[in-house]
Structures are given as C-alpha cells and as structure tokens.
Amino acid sequence: MISLTRQAIDYQALTEAVRDPQHGAVVLFLGTVRDRTGEQATARLEYEAYAAMAEREMRRVVEAAQQRWPQTRIALIHRLGTLEVGEVSVAVAVSAPHRAEAFAACRYVIDTLKATVPIWKKEIGPDGTGEWVHPADISMSDPFRPESAV
Amino acid sequence: MISLTRQAIDYQALTEAVRDPQHGAVVLFLGTVRDRTGEQATARLEYEAYAAMAEREMRRVVEAAQQRWPQTRIALIHRLGTLEVGEVSVAVAVSAPHRAEAFAACRYVIDTLKATVPIWKKEIGPDGTGEWVHPADISMSDPFRPESAV
Amino acid sequence: MKPLLIEVRLFAALREAAASSTVALELPANATVGDLRQLLVRRWPQWRTLLERCAVAVNQAYAPDQQRLTAGDEVALIPPVSGG
Amino acid sequence: MKPLLIEVRLFAALREAAASSTVALELPANATVGDLRQLLVRRWPQWRTLLERCAVAVNQAYAPDQQRLTAGDEVALIPPVSGG
C-alpha cells in the first residue's frame, strides 16, 4: 500500500493494512499541517508532485527499509493538493515483530521520503500570498543520487 | 488521556486526542498480541494490573516525558483482561512540533512503561495452560526505583 | 510497642501460588520494607527466587528497603512487570 | 549528427517562474545531463542559484551529470524537495 492521494488520508486503514499476528509492534507516523513556520503564519499548504517518479521513489524507500529490516510490513501514503491547517499530509505505518525495528524503519521511511521523493509544498499565508519551499540544506545535484537522511 | 481499560482500544480516538494545529508530527505506537513467543505458540494473553498504582505510574511516565520534551502532547492507554492474538494491548500517541521529539517521547514512554508500570501478562498456550511472564532481565528490587529504560 | 499488622497485596505468579490476593503479616513496630521481605522469604522459602526479584510498593509507590512501615500503609509485592 | 530535442519537465518554483510545466531544449547529439544543466543556466541566468540546486531526473530516476541523453528520454528538473 504505497500511494499518492488527493483525498483525506485514512490513517486507520493504513495502520490496519500492516497489522500481522506474527508482529508485536506497530508504529504510525503522521505529518500534519502546522499553523506556522518559524515566525510566519500558515493558512494552508499546496502539495505538488512529479507523480510517476514520486511513486517510484516511495517504493524505493520502502524497499530499502525492508532490506534493512526484513521482517517489517510498511504502508506509505502522501497527500497532494490543498491542505488546511491540522490535516494529515503524509502517513507511514510499519509493523514488525518487535518495537525497535518498527520505530527504526518508520523513522527511516519518513526521513528518506523528505530527502528524496519529488514532492514540493507551497506555504500560503493569511494574505493569500504563497512561497514554494526548497530547503537550502538539501543539495540534490551533488551527490546526484540523494540517499537516506538516517 | 491516560487510562487502563477492559474494552478494545480505540487508537484513532487516542491519536485524535493529541493532534494540535501547532504540531507537525504525530507518532503512535501499538503493542499487539503475537501468535508466538520464541518457540511457544500463544492462543491468548491475560493482563492483570495493580490498577491504582499502574495509573499513577503511567501518569509519572507521561509527566517525565513531558519534562524532557516539553512541547509534546501524550496519550497512553493499556488494556486489561483476556486478549486474543492480533489485539492491541497498549497504545501511546504523541504529538510534537517536529518529528524528532515525537519519535523520542513515544519510544521513551513505551520503554519506561514496560520497565516500571505494575502490569503483568500470562501467556496461554493452545492447550489452555498458562504461564506468568516475569522477565529475568528486570530486577525490580535493586535498584528499588526502576527508572527509564532509554 | 504494638506489633505492626500489614496486609500485603499479591499479583500475577505470586497471587496464583498463594491462591490469594493478599497475605497478612505481623511485623515488629518500626519494621522496614527490608524486614517485610525477610519475613516473606522465611514464610515462603519455596518462592525465594521470585520474592527476591520483586519490588515492594508502599502507598502505590516503589519503596526502598530502608523505608519504615506504618500502620495503615498500603503494601504490595510487585513481581517483575510484563505489561506493554 | 542530428541535434537532440529534449522537453524538460518543470515543477514548483521553476514551473511558476517559467509560467510553463515544460521547456523545450535543443542539445548536441551525445549531450549529457551536465550539458543540459549548462544550457539551462545560460537560458535562465536569473534562476542560476535555484538551477544549481536542482537534481535532474531521466526516465523518472535521479541521473548523474555524466549520463548521456537519448532521444525519447523523459527528463525533469527536480528542485530541492519539501514533501512530508
């Protein structure tokens, strides 16, 4: 279960999709829209993706996590379009036999997604003006292949 | 929202209880009943608590986490009674401005709960015989006050 | 001085072994948590290993062996926990 | 040899700056990803800083500057990402 969506994210369905009678631990991460970034008030966000490549990269991230933590089950969904404050922009659900792997794999997936998957957000302020977020601390051209942030 | 319950755990309600427009991250941990422990098949578990003290210790754990990560919101619930394979025995929901604190506080709460809160499980096998789990690696009498496992 | 009558709560394996959720103990006045431990091991030598791995809670908080017991204290034996 | 016609996809701040979701480039045959970068900086010197921080994707995978481009490649400029 790896996808992009323009609908509200059903994180309970995502969580149920990874549960397993052989597993004792589930970790769910939700990214939610904050009402501000630093000093700047945020009214809403707009997410845009290079959709075909983003889905490929999301699968790569999940496969890399499963190579490192082979017994995990992982589901990943990212929202696109306009999101209001408080809405869920991304959800990662991981189940594993024990909690250490579940926490580690969940953290790896969200950190790597944020570093490598071609999705961008535009922050819209209360006055309606917006700005694309292109973080200065990610240089994607060198090295050419952005790798795990873990 | 800190409690013991004999009903199935509604982890979505727990998660919604900690969400906050000032927070960008939510981490949920679920402990679930595995179908085996090592070589031993498990049919179900029975959880027992020293209920009044368990609730006090659960509050202590959450307060300790919130002292260490002051901006977090935390909810914690533990199930008691008979649980079938696959059911949720414990849920910890944490929201925070950023994901690093949300992951760290969630991990701290479940690790410390497992080390200090007076709750016990009995593993019932397919033949109906059961055994209380009293882990050998936790010596609770020395030091007398079990502290964080983090 | 009057002896101290303490009812100790039992849980999990200890509760099942004793077939009771409490045990009544008579301790000397000014007895400590450590004295209570020793009395329990003398009464139940067959459970010594588990008893030595238990914590003692007084009034719903973990208590050190040096702590003095008082009439009316709520006392419990806490075997190694396995919640979660 | 025939020149290489490449349509480059644009996203986010670059798409808005160019007021278009693609830009068409004519490159020498055997051009590399690095050649494409240089041509873009010459065409849009005012966006040099952002262009230099972009990755290039060829056929939906990140590509190094040394990689040769081929007719029919799906090419995209990937500004620093901010999903999550």
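Per-chain residue numbering starts at 1, and chain names A, B, C and D are given in the order in which the chains are listed.
We adopt the following convention: a residue touches a chain if its C-beta (ideal position, glycine included) is under 8 Å from a C-beta of that chain, and two chains touch if they have at least 3 such contacts.
Here the structure is a predicted model, which is why all the values come from computation and not from measurement.
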> Cut subunit A out of the contact graph: what components remain?
Replying inline: B, C | D
> Between subunit A and subunit C, which partner chains are common?
Replying inline: B
>> Quick check: how many Å separate the C-alpha centres of subunit B and subunit D?
In response: 50
>> Averaging over Cα atoms per chain, report the distance between subunit A and subunit D in Å.
In response: 25
> Where the CA atoms of subunit C average out and where those of subunit D average out, how many Å apart are those spots?
Replying inline: 74
>> Give the residues of subunit C touching no fewer than two other chains, as numbers and ranges.
In response: none
> Considering subunit A alone, which of its residues make contact with at least two other chains?
Replying inline: 31, 110
> Every touching chain pair, please?
Replying inline: A-B, A-D, B-C
>> For the complex, give me every residue of subunit B touching subunit A.
In response: 11-12, 15, 19, 21-36, 85-86, 95, 97, 99, 102-103, 106-107, 110
> For subunit B, which residues count as touching subunit C in their complex?
Replying inline: 31, 47-50, 52-54, 56, 78, 89-90, 110, 113-122, 132-136, 138-141, 144-146
>> Show me the residue ranges of subunit D that touch subunit A in the complex, using the header's touch definition.
In response: 9, 11-13, 15-16, 37, 50, 52-57, 60-65, 76, 78-84
